[in-house]
Amino acid sequence: MSLIDLSGVQKWYGEYHALRGIDLQIAAGEFFSLLGPSGCGKTTLLRTIAGFEGIDAGTLRIDGLDMRGVTPDRRPTNMVFQSYAIFPHLTVAQNVAYGLRRTADGREEKARRVGEALEMVGLGGYGGRRPHELSGGQRQRVALARALVLRPKVLLLDEPLSALDRKMRETMQSELRRLQRQVGITFILVTHDQEEALIMSDRVAVMFEGAIAQVASPQALYSRPADRRVADFLGAMNFLPAEVRDGRVEIAGLGACEVEPEQVIGAGGMAEAGMRPEAMTMLDVQPGEGLREAAGTIADRAYYGDMTYYMVELPGVPGHVTVSMKNRPGSAVLDVGAPARIGWDPRAVLLFPA
Amino acid sequence: MSRRWLLLYVVLYMALLYAPIALLPIFAFNDGQVIAFPLQGFSTRWFEGLWTNRTLHSALWNSLVVAVISSVLAVVLGICAARASARYAFRGQGAVMGMIMVPLVLPEIIVGVSVLIVVNTVLGLPLGLWAVIAAHVLICTPFAVAVLSGAFQSLDPAMEEAARDLGETPWGAFRTVTLPLVAPGIVASLLICFTISLDEFIIAFFLTGASPTLPVYIWGLLRFPADLPIVMALGTLLVLASIVLLTMAEIFRRRGAARAGRKDSGGFL
Amino acid sequence: MGHGETSKGWALIAPPALYALALLALPLGAVVVLSFFTQDFLTLDTTPTLENYRIVLTDPGFAGQLPRTLLVRSVTIAGLVTVCTVLLAYPVAYYVSFHVAPERKSLWLFLITIPFWTSYLVRVFLWKVILNFDGVVNRTLLNLGWIDEPIRAFLYSPAAVVITLTHAFAPFAILPIFVALEKIDRPLLEASRDLGEGTLRTFARVTLPLSMPGVVAAVLIVFIPTIGDYVTPRLVGGPDGLMIANLIQSQFGRLSNAPMGATLAVIAMASVGLISLLFVLATRRWTR
């Protein structure tokens, strides 16, 4: 049985339909992410689970219990807020002990639990500090300890890494992952950063406009997105007009090929073919075996250190396709304006309904 | 160059701002009956007179009662308004807040006259300190709201949610998180409202009835030249009290700002 | 926002809102209603009539056109006070906002506001001392040999009222201007300098227009309450310095004609409201 079970959950803010029928099951011990652009309803969904927002239709069960009318203080969930919401008038230890006020533990037991929680997030010995003496990363750890000390069934994280700089964010990503394995609690993470969601999660729900577009593992999400929006939101994808006829696909600018049924998403007829930039290659830089070939012109080039992106114009196709090449020692760099030979693999093609 | 002229101007301006107040102690300790130069010599007799003046004492007592009750009520109302405007967004919010803040700009005589009419003509009740309190609450509330809004607005709404999430009841969350964080603002607004009420004359004059407040009593003294040195002595003490109260208010307001981790660059308003 | 938000917000704001309604809106309504009644000694006649308005606005016999004279004088004095206060306050607000270190700004504001909070009556009275026949100003001028005998005109004149009120409202004008100046993005000014404008022209073309909302707020916050002051005119104004508020006050006090007082109050409020409204409309293009 799943730990969290939402079915047909709807939420309105006046005229605004924030959640449009959410069905979602999350298992115990999962690291689950809610991913989507801002305003897609992911934070609303998280706050619904925490109990800060009521729901207008549908049911929400946690551990088999209907949460209707159950206030946040009585739910087996705890939250790490985007702003961390560390109480500035309390010390670090007092912050962590805040939720233990109403538990039956004795004074010593409470102190032990606080120390243990601070130890767990790597803040042992920081108990007497004041919040304003801490760095952003340390505040975040306090927020984590404060929530985890209560041993919730679910830890909710609302964009916890968005306020940190890149280096710190990467450290905290692996730290969070480690913590989750260590405590074995279900983590639900809200993020707009697709990379973060892919790196950290067991499963990801991609949301658009108050609805879930796809729930899958990071690999499945990336290699077989449920629709164009998901494909576009996660990583980059080239879209080319395509026509399906007698089991063969005619892709504008690239040519014809045959595709397996699992490469087809949705109906046949007029379609769009999608290809990831890394699924194509510049044959003049890196030759490949058994690839189809197409010709075009290099319209632009962007150098990223580890990668070079080529924007290639294909005859009869508006715009351009992007081809990403790994930079290896000694690999050639092609000039803008030069003719380009593109190699592409029919097995990497995805077909979306137009 | 132009900056130096500006500084000169500002210094001059500040000096003129304080000049009249500086005269207070000069005449309060002056041995002469007439408030004018040249000075007659040092004396504390005007202050000594204050100790034995029974009418003055009862007026002071009236003023303290009015100021304490009005400031407490105004701050309670101010907390409601400041929290409502900081925490919730609702239809008609602007209009309602506008109505609550209007007494800030309304000529005080209008407040005095309109409350007088309601008490006297509409309700047919006798005037008294309660009417002064009622009107003072009205004019103090906007100041309380102005001071408290800063405190409530800088409060991260996630604070209270975090407390709820960690197992507190709504009241528990307010008591253990919100209240300690806005407490300095509350103390500051109490002190400011107290000062306003203590000094207020224009409205009190209409509503005080048979038991005058301190400013109404002073107004009476102003008519008798013989009493003017007493006014100076009394004024010295009042100014001193105001400065002490306001300094305390400012200290509390700043402490609140520091506690909420907010950058402090504003004043009372 | 959601339903819960609205009802919670209203529940919370209800006490102060109802209080303001009960002690402000209703009493103001009572003033308006009362202004249509008449009173003969102690009997109140509740037949609605415009008689009071007719007397105040058109009757040449009523107290020698006193209400109209006082109204015009009040508006003039309040206008002068406003202009003086705002003009004198602007450089101070500018200085504090632009030339004072951020951590010391609140100290400056505190020092500026202190005189405002100290006993109003006493402060007004002090001006009487200063401007008096043998007051500070006269004695100084005498000692300097600039005058041969004390100038009596300092005290008991409209000028004395303007000086006293300007002094009383100084901090009130500084604060809104300061707030408006604080809101100006400093890079905006650097951009203007960068685009080749000098300090003065940057001030005229960027700083001043952007601070206009504060100036307008300062004007209103000084002009409106000034009209309602009867202490200053009474103490330092003399017969030529009396204002409409003195007349209103005497109707409720000595003359015991509340309906007439209410009428005068309504007319005063209406004039102030109208002038303020016109001012706000006239300055709209700078404040939006």
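Each chain carries a letter (A, B and C) given by its place in the written order, and its residues are counted from 1.
Here is the rule we use: contacts are C-beta pairs under 8 Å (C-beta built on N, C-alpha and C of every residue); 3 or more make two chains touch, one makes a residue touch a chain.
Chain identities (UniProt): A = Spermidine/putrescine transport system ATP-binding protein; B, C = Spermidine/putrescine transport system permease protein.
The model shown is predicted, which means the values in this text are computed figures rather than measured ones.
Of all chains, the one whose CA centroid is most distant from that of chain A is C.
Relative to the whole-protein C-alpha centroid, the nearest chain centroid is that of B.
When every pair of chains is scored by its C-beta contact pairs, the maximum goes to B-C.
Separating the CA-averaged centres of chain A and chain B is a span of 54 Å. Centre-to-centre separation between chain B and chain C, using Cα means, comes to 18 Å. Averaged C-alpha coordinates put the centre of chain A at 59 Å from the centre of chain C.
Among the residues of chain C, those in touch with two or more other chains are 1.
Listed in rising order, the residues of chain B touching chain C in the complex are 2-3, 6-7, 9-10, 13-14, 16-21, 23-24, 27, 35-37, 76-78, 80-81, 83-85, 87-91, 93, 96-97, 99-100, 102-111, 113-118, 120-122, 134-135, 137-138, 141, 145, 192, 195-196, 199-202, 205-206, 215, 218-219, 222, 231, 234-235, 238-239, 242-243, 246-247, 250, 254, 263-269.
Those residues of chain B lying in contact with chain A across their complex are 156, 158-159, 161-169, 176-177, 180-181, 259-261. Only residues 50-52, 71-73, 77-79, 81-83, 85, 87-89, 98-99, 101-103, 131-132, 146-147, 150 of chain A touch chain B when the two sit together in their complex.
For chain C in complex with chain B, the residues that touch the partner chain are 1, 5-6, 8-10, 12-17, 19-21, 23-28, 30-31, 34, 44, 88, 91-92, 94-96, 99, 102-103, 105-106, 109-115, 117-123, 125-127, 129-130, 132, 134-136, 139, 167, 170-171, 175-176, 178-179, 182, 199, 220-221, 224-231, 235, 245, 248-249, 252, 258, 261-262, 265, 268-269, 272.
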